[in-house]
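Here come two complexes built around chain A, the first alongside chain B, the second alongside chain C.
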Partner chain A sequence: MIPLALTFIIDLLALLGIFIIISLSLNIEFGYAGIPNFGKLLAVAGGAFFIGAVPGRVLAYIYGLLKKYDYIDNNVEVMYALGKILGTNPFMSMAMLVVSLILAAAVGAILGFIASYPAIRLREDYLAITLLAMAEILRTIGYNYKDLIGGTVGISVPDPFRWIGGELRLALAASVIMAVAIIIFIYVELLSRSPIGRTLRAMRDNEVVAEAYGKDIVKLRMKTLMIGSAIGAIGGALYAFLSGSVTALGYDRVVYTFWPWVMVVIGGAANNFGVLLGATLFVTLRKLIIFYKSNLQPFLPFDVVWLEYLLLGTALLIVLIYRPEGIIPEKPTHTLGKKRLEKIKELVEAKEV
Partner chain B sequence: MRSEILRTDGVVKSFGGVKALKGVSIRVKEGSITMMIGPNGSGKTTLINVISGLYKPDDGKVFFNDKEITGLPPHEIYKLGLVRTFQIPQPFMKLTVLENLLVAYPDNPGEKFFGALRRGKWRKVEEKVVEKAFKILKLLKLDHLWDQQSYKLSGGQMKLLEVGRALMSDARLIMMDEPAAGVNPVLAHEIFRRFRELKDKLGVTFFLVEHRLEIALRYTDYVYAMANGVVVAEGVPETVMVNPQVIEAYLGG
Partner chain C sequence: MIPPMIRDATIFSCLLALLSTGLTLTYMTTKVPNFAHGSFAAMTTYITLILVKILKVNPYFSVGLGFILGGVIALILYQVILKPLLDRGASYIVLMIATIGYDMILYSLINILADYLNRTYKISTRLYILKSYDFRVFHQPCIFIVAPVMAVLVIVSLYFLLTRTRFGIAMRAAIENPALAGVVGINVNLTYAASWFIAGGLAGVAGALLPLWLMCNPDIGGRLIVSVFAASIVGGLTNIYGAFLGGILIGMAEVLGTGYLSLTVGTWIAPYRPIIPLVIMAVTLLFAPTGLTGIGLRFLRRSGKR
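Here is the complex of A and B:
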């Protein structure tokens, strides 16, 4: 028996990992490169929809289930059969997970490439609206085109964590998600401490001058959105595996676009540790509110769900007023480390020019 | 051996009804310090904007090293070895003084989304670039501010940073829009001496727009004078400065 408190924490970590991944991807796009991606949902939903649509179908095909069943209409039967197969086959389960995540990232990159089409041509405000709309379009397609992910009812997803059995499933899922989040954190942090991070921030600060200094803004924006969307899609894919099903309506802009924005803005744009903090504060606070829902309700004159919005909105306002650059603001990132830079400075000063 | 590095043929550029350039043809010799003078609004900055690709000319052609570059995007022109500074300093505000210089270095192998992960591959280049940047900062007397975010600089310091960034570029032709504006005279002289040194040692060509003739003229090989979007005089400084049209443009109407 895993105690309740521990379940709470494991559950929290799983969700936190996903939002760390998504908000870090937004940090690359907005914090570093200055692209106001109000269509973060596009990549996240893209990754999740891919998981709903493809891995199960491929497995069903491999194991000959599609001869008997229609993948969408007999989804319950197909998933039952797949569950039995994957439940006893850790290797197949993990292979499916890894391959799926890689392909989801590729799908995300393609969506990022499509999103970069307006991103190259439009001014900031128009761009934000266009990206927002693109995400809504994908969601609408998922909702109305039944063959993709089951339309209104949604679809189940083959479970890569089931083989470990019972209560440990969530722990395994949380560990995998956290591991991926850590890898992505390291990647983004390495980027920010390298010349490319510097160049992205330069582009953000002044596009015209960056271009005059040899930076191909069109290409940089395109690549940024491809990388950011690939990472966002990994977040969406992991969420699909964690929750075991994908429903188009479940992917809405509040959760997968605005929340990540709040996390980045509260924590500190262009500071990965800030974003880490922002995501942690946000997810924890939310989880606590939901956890103590029934305890809180008697004290509130309104439904407790609104408390969540109220508190998070207030937190956002306070941060924006008192720390407009976030709790941990952007800091100079020294590619070679500050010590080494000071050393080189000394050496240069010692010599005559 | 002194061929021309930059040539414009009849460049025309209008903004709505304002004809900023009315057929400007200039030639800049390789390894020279060539200066463009002219009263406010005569089209000097516009010419630099056209040459560097920021604006497309309505008519006329621009050649760099005998290659036509008319209408190429700025980043491609930069990669050919032509850099320009901005009259109103435009540092990358949140980047440090040092970072502003480092960004300008072309072809850093760490400037790739996956290449960035292979530190070993870009570290050497980065060290070299940092050393170069500190040398320039020392010359500009900005070295003590190296780790300061550049929005905190004074106007004059920003101007110096603008110059420093251009010197980082390894460009063959450096176009500067009023590099000495707002800089104290002693430092301004030092900077111009440095330009001459770079020209003598490395053969770098400078094309400068400058109002502070009392400082700049003595470092200059060749002068173009513009007024109302046309070149009114050219030649060595001694002859241009006594040209009646130039005197009229500056002092008269």
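Here is the complex of A and C:
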């Protein structure tokens, strides 16, 4: 038996990990590279839709289930059979998880490339509009094209965490998500300290100067969007595995574009710890609101969720106007260590002599 | 007898033209794409609902009220949020985020209003349509006459405002070069505020007329915004007449294109309607990023040389 408070925390951690991943990906795009990606939903939904559409089909094909059933129409039966198989086979479950995540990242990168292609050479506002529109289109396709992820009904996802059994499933899911989030955090932190991180900041601060120093702005932007979208897609894929199903309607602009923006802006753009703080604050606050929702509801003549949106929108605007750098502002770029600098100096001097 | 598809296309494209003209007007002044523009219209759809269902009066009263409400909402965005940011020299990316934040506030207010009306007056406030409350003039729905008349009226009066009045000329000067306009004594802030008011008003008018023909829902702003941006980008984003043309073009392409494809390919294609404006937008951005007016100018210049 896991106590209720602990379940609450585990649930919170799982969701937190997903939003940390998504907002870190936005931090690469917006914080470091200055690209206003208003289509974060595109990558997240792309990853989730991929998980809904592909891994289950492949497994069903491997185990010969597709001869008997139609994957979409008999989704329940297929999932029941797959659940039995995966439930007793931890190795297969985890292999599916890892392979799916890698492929989802690839799908995200491709989507990021396609979506940004028409406007990648233009000013950022055109890019923002295009990305936003592309995200809406992906949602429309997911909603209407029944063969992809079951259209309006949605689709179940093979559960990679089932084998551990019962109550521990959520704990395993949360730890896997947290582990991925930590890996991505380290990756983004290293990226921001690497030469490409500094190049991205240069591009953000002054495009013309960066171009004058021989940086290919278009290529850089495209790379950034592909990396960002790949990470975003991993977030979406993990969410699909966590919730066990994918419905196109569940992926909307508010949750997967607007919320990450709030987290990044309030926490502090171009500072990964700021983003971490923003995501933590935000997800905890939301969980608490949902937890206390029933106590609040009788006093309001409307659904509590709208009050939440109202507060978030207002908070975002207040931060933008009064503290545009966020709670934890950007730190100066890390330079090389003193010893390495001295070594380089020696090398240079040796050459000059 | 006018085919229903033509009627559909005319009404939709006229309303879209009103929206994209407004969006372009604000883009020209503040140089920021306003992501809350769709929600301006979504807000005023509820004025029509209130007038028709609760006050039981003529739905067309909402045109005037919608103009004022839309204008006020837009003015608040400019004066309270964008102006302080602009004064601080915020980048246009920050301004864009601010418009998205404002959009979220409007979206929640619309939903709160919808819930409130639904619970207090027991009327359906989601997925509602007021087609049956429209009048019939010459055996046609009144909106079929009002929407084109309104669109033409708006673009003609904007033309006269911008070219024939002192205020309009000041407005154009402030758009062209704010610093210089300020030097010669034009109140730049006032002209910008006026532009935002007009733009919001136009969105408000479009929103007020929407429920008389289309199914409305609190999220209609988000659904419209893709078409509106496509129309403005086709129009070049720097020219209100271009935006007007772009609105007509996108509206026609959306309705007629979907209609034609459903007849030839099959009705399953109808829900993919939003892809049409997106494709037109992508093609415009790839091959003629300055839009229709850019192509037009180039053509004129070339023929002028001969």
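By our rule, the second predicted complex is superposed on the first by the 328 of 353 C-alpha atoms of A that agree within 3 Å, B and C clash if a C-alpha of one lies under 4 Å from a C-alpha of the other, contacts with A are read in each partner's own complex, and residues count from 1 in each chain.
Please note the rule applied: a contact is a pair of C-beta atoms (placed from the backbone, for glycine too) under 8 Å apart; a residue touches a chain by one contact, two chains touch by 3 or more.
None of the values given here were measured: they were computed from a predicted structure.
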{"item": "Partner chain in contact with A:316 - chain B first, chain C second, else both or neither", "value": "second"}
{"item": "Touched partner set for A:324, first chain B, second chain C, both or neither", "value": "second"}
{"item": "Touched partner set for A:258, first chain B, second chain C, both or neither", "value": "second"}
{"item": "Which superposed partner A:128 touches (first chain B, second chain C, both, neither)", "value": "second"}
{"item": "Partner chain(s) touched by A:298 [first = chain B, second = chain C, both, neither]", "value": "neither"}
{"item": "Partner chain in contact with A:166 - chain B first, chain C second, else both or neither", "value": "neither"}
{"item": "Contact set on chain B toward chain A in their complex", "value": "52-54, 73-75, 78-79, 83-84, 86, 90-96, 98-100, 102-104, 106, 108-113, 115-117, 119, 122-123, 126-127, 130-131, 134-135, 138-139, 143, 146-147, 149, 165, 169"}
{"item": "In the complex with chain C, residue positions of chain A that touch it", "value": "30, 34, 36, 38, 118-119, 122, 124-126, 128-130, 132-134, 136-137, 140-141, 143-144, 253-254, 258, 261, 265, 301-303, 306-310, 312-314, 316-317, 320-321, 324"}
{"item": "Chain A residues within the chain B interface of the complex", "value": "187, 190-191, 194-199, 201-202, 204-206, 208-217, 223, 227, 270, 330, 332, 335-336, 338, 340-341, 344-345, 347-349, 353"}
{"item": "Contact footprint of chain A on chain C as seen in their complex", "value": "32-33, 35, 81, 84-85, 88, 90, 92-94, 96-98, 100-105, 107-109, 111-112, 115-116, 119-120, 222-223, 225-226, 229-230, 233, 271-272, 274-275, 277-278, 281-283, 285-286, 289"}
